[in-house]
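The structures come next, written out as structure tokens.
What follows is chain A paired twice: with chain B in the first complex and chain C in the second.
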Partner chain A sequence: MDPQMMVELGALTLVGGAALIAGVAEDLESDVGSQSNPNSQVQLAPQMGYLHRLYNKAISGEPASYPFYAAIGAATALSVLSVTGNNSLIGVFFALVAGAFVTALIHGVYATTSYMGRLASQSRFGQPIYMDVLRTHTPVLMAHGFVANFSVLLLTWVLIAQHLSPFPFVVLAFIWGIALGGVGSAVGDVHLGTDRYYQDRPYGSGVNAAHSGSVVRKAESGLRNSIDCAWFCSKFGGPLTGLGFGLVVYLHFWKEVVVKDWWSAVAGIIIVMIFVIMNTYLERYSRQRYGTYKEETEAE
Partner chain B sequence: MAEGEQSPRRLMVIGIIGALIGMYLARYLNLWTGTAWFSFFAGLGAICAVYYGADAVRRVASYGLGTGVPSIAMLSFGAGQVAVLLGLAVAKNYSIWFAGPVIALILAAIIGLVNGVMARRVIKMNIHIMEMSMTEIAMAASLVILGLSTVIAGSFTFNAIMSYVVASGFIIAVFIVGAMAMFHPFNACLGPDERQKRTLNLALSTGFIAMLVAGIASGAINGVQAAVPTLIIAIFGWIIYYLRFFADTKQDAAAMLSTGLIPAEEEVA
Partner chain C sequence: MFSLLLWVWIILGGILIGAGVHFIPVGGAPAAMSQATGVGTGTTMLAAASGLTGLIGAGTAYYTHPGDFAYTIVMGGVSAALMISVLAFIANVMYVYGAGVPLASAKVKYDPITKWRQDLYVSRGTEGHGSPMASFISGILGAFLAGVGGALVFFALAETYKAIPGFSATFGSYPAPYYISLAAAFAIGIFFLNCVMASYNIGGTIEGFHDPKFRRIPKSIAASLVVSAVGGLFALLISVMLPGGI
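The block that comes next holds the complex of A and B.
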């Protein structure tokens, strides 16, 4: 094996690990903020008469907000790098941390404005703004966002330093932000929305329109808050999102590094085919095992 | 339009004139002094355009766009982006540098109008202000992109923008930060009790955040000269308008409690 490929495989491992951590942190962050898909239910709840103590953060959907954070982080990192220079490892590390830090601050500011703004615009339904919810949830959001963004910046930097991508730093970070937000939205939201907000509904029933906004508001002890959701999702939804994003990044660059050139496109098609076949079998198996989706029969 | 609100025409004048004045001040003061100290004027101009664009988003989105709020801004920023690069290239081609932003603005209006006509006549979205709104949002978007790019590059000539903003990749940060600044205010204040003053105060606060990011990026191109004044003004402006938004929220909210249980249904009434 030639030394260049050894280095690239090492970089690949680092990139895959960073992507895994980014995925986990991203999903838990969006769960604390009930962002994206489940957001509409939390937003609807006061209108349907269900007042709550959940955090409601609509900084667009995740596929738009994550490139936003990543682009800010990358622009900041690039600016710091123009001072520290990109030859020393510690300088690069400092720049990436600075980028993720500035992003975390801006993320926190945007999160508070969407929590306060949406609830103030629903004043006729009597939903109060709880300052303790704002004070306890926002730092949790910022911290998870910091980890996710640092990981995205790190993986982008490794790709740029190893010449594995033709794009400028900021553009590549932006693209990975879209990918991360997309995976977080597609994989993670399922476990937040239906599993956590509708725990009292039977498996596979989906959410009937009559139950819109009827989110679970009481916890095992006391009232449900959104940090509980992160705790719940950290068991399954978060790691699954991490696995999803990690696999996307790892497999993509694995075929670039190991198979190379035009054959990597062929390898990509083969990988996608394998996933399609696996998913088809999985769905068939689970439908046979758990049956088709049932209509809800319980009386309301 | 409810009472005590600013009229769309007034906001249009503030947005377009303010943005153009900001950009020209930044460009020519920088040129005459041979420094980059005055780049922040373009940032203030971009904030005027954000202010105007946020109200245009607010007007069209209050027809029940919901998840379409980010989409309409992204579409318009795409139009604005194309218009900016094309407008500056046209100005370069005919050696009329000073007219670049105006040409970009006109092109943005045309692209926005086409988008609006497509949305209403072809896709048949039944919103009667669609054409006007798409035109206005695209115009505001082009001014925001050009203003923030001018902060970074210190000038709005085609060559400066291409080599300092596009080639370095900062253009994508300008794109998303500007789009977020413009649609986030209405997206965050979405609801039946939304109020123009609160939304626009939030727009100013997000506009200053966009200026802050452009200021940070300008440090990589023009160093301390461009970055320091921009950052100081952006941080002070953000604090002022964030506090105003907070005061408006306090006034509008059903209640702002330090803590408490969920109110019982009879208390809400």
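The block that comes next holds the complex of A and C.
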């Protein structure tokens, strides 16, 4: 095997691993902070008369906020590197840590103002601002955001150091931030929104639109908070998000490293076909396993 | 160098991006509660996530095969299609094993591709869940179009900026020239312009080519044409306005 390809495959493994960790951390951060699609239910709950102790920060959609965190982190890391130089590995590592640290601070500021602002606007519905929720949740979501952003910066740096992408550090981190937010909000949110927020409803059904806002507010012990939700989602939603983002990044570069030129386009089409076939089996399995919700005569 | 043909590529790329967004199955926030068919995130964001991943593929292709038009745009399309196929499949795994719902659409009685019955599998009070085969294939087609469009825009801008004196230089040990960075940044801008125009046209959620909202596509094409023409012209004129520009 070509030695250059072996080095690139090793780098790709590191990139895939970093992407996996980024995906898991990103989804759990959005569960603790309740940022994303299911936050519509948390936002709606007080208006429907359901007061809760869940964190409520929708700074923006995940695919909008993560690219900006990544770009801020990348710009900070670059400015540190412009002073220290990028010759030593440990120097690069600490520059990436510094970048992720700055994003965590900015994330914390946004989260605090967003939580206070959103809940203050709901005072007319009697929703209190819980200072202990703010105090306990904000560092947790900042920490998860730190891990996610550090992983994105790391994978971007490895891709650039191995010349696997011609894009500059900040632009590439920005694009991977969008992809990370896209996967996080498309995959992990379903576990939080359909299952965890509506655990008192029968399993195996979409949430009836008539029940919107009636989120579960009692926990296994005491009142539920958003850290409980992250504990629950870390069992399936988080890992699956990580798998999704890891596969996106890994397969994207695998087809360019292992096969060259026009064959990489062919390899990409073959991978897409494999996913189409797997989706057919998944759809058929779900229909056979779960059955219908209504009888044929009822539907007519 | 400024060329009318490259401007046409940008306009065509913008139209393809705008049209591609209509194919991508977007469930928006309700999809996270399994209340709507499609992938659970916003229209603009899902299209951007897949299309810009395609842009990474196109950028690498352009860098390894400088000036190869066909290879650049095909790699852009294939990379975007790959991203959305992984994303939609993993999301479907989540619907089936995490939420326990079958994949179904509420807009059609039978899936146009598999011919499987849909309405019986839609749970009460919802508009379907997951991405059934028609939405899945539609998403792949849409991402391919959007990826090809993004690659066309990137190619045209890179070819233009390449001629600016000094822009073929590189920064330190970093091997890629300046003009690729600048073309990538402007291509992202034109991508977002067209995504947002299309998402206003869709207005919320869409299931793919079998959705009645898909018939609104001509309006989006007209809007993309205008927006890309103006945005593309500004992006190209930078090559004239910079010192030493042509």
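Here is the rule we go by: the second predicted complex is superposed on the first by the 291 of 300 C-alpha atoms of A that agree within 3 Å, B and C clash if a C-alpha of one lies under 4 Å from a C-alpha of the other, contacts with A are read in each partner's own complex, and residues count from 1 in each chain.
Simple rule for what comes next: a residue touches a chain if its C-beta (ideal position, glycine included) is under 8 Å from a C-beta of that chain, and two chains touch if they have at least 3 such contacts.
Bear in mind the structure is a predicted one, so any value in this text is a computation, not a measurement.
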Partner chain in contact with A:Thr194 - chain B first, chain C second, else both or neither:
second
Which of the two partners, first being chain B and second being chain C, lies in contact with A:Ala64: first, second, both, or neither?
both
Does the superposition put A:Trp157 against chain B (first), chain C (second), both, or neither?
neither
Return first, second, both or neither, reflecting whether A:Phe167 touches chain B, chain C, both chains, or no partner chain.
both
Figure out whether A:Phe146 sits in contact with chain B (first) or chain C (second), or with both, or with neither.
neither
Which partner, once the models are overlaid, touches more of chain A's residues, chain C or chain B?
C
Based on the superposed arrangement, let me know which partner A:Phe232 touches: chain B (first), chain C (second), both, or neither?
neither
Where does A:Tyr55 make contact in the superposed view: on chain B (first), on chain C (second), on both, or on neither?
neither
Regarding the shared-chain residue A:Val248, is it in contact with chain B (first), chain C (second), both, or neither?
second
Hey, what residues of chain A end up touching chain B and chain C alike?
61, 64, 167-168, 171-172, 174
Interface with chain A, chain B side, in the complex: residues 67, 70, 74, 167-170, 172-173, 175-177, 180, 183-185, 187-195, 198-199, 202, 205-206, 209, 212-213, 216-217, 219-220, 227, 242, 245-246, 248-249, 252-263, 265, 267-269
Residues on chain A engaged by chain B in the complex (per definition of touch)
43, 49, 51-53, 58-61, 64-65, 67-68, 71-72, 74-76, 78-79, 81-83, 102, 106, 109-110, 113-114, 116-132, 167-172, 174, 217, 223
Help me check something: in the complex, which residues belonging to chain C touch chain A?
28-35, 39-42, 45-46, 48-50, 52-53, 55-57, 59-60, 62-63, 65, 71, 74-75, 78-79, 81-83, 85-103, 114, 116, 119-126, 128-133, 136-137, 140, 173-176, 180-181, 184-185, 188
Which residues of chain A touch chain C in their complex?
36-38, 40-41, 61-64, 86, 160, 163-168, 171-172, 174-175, 178-179, 181-183, 185-195, 197-198, 203-212, 236-237, 240-241, 243-244, 247-248, 251-252, 255-256, 261-262, 264-265, 268-269, 271-272, 275-276, 278-280, 282-283, 285-287, 290, 292-296, 299
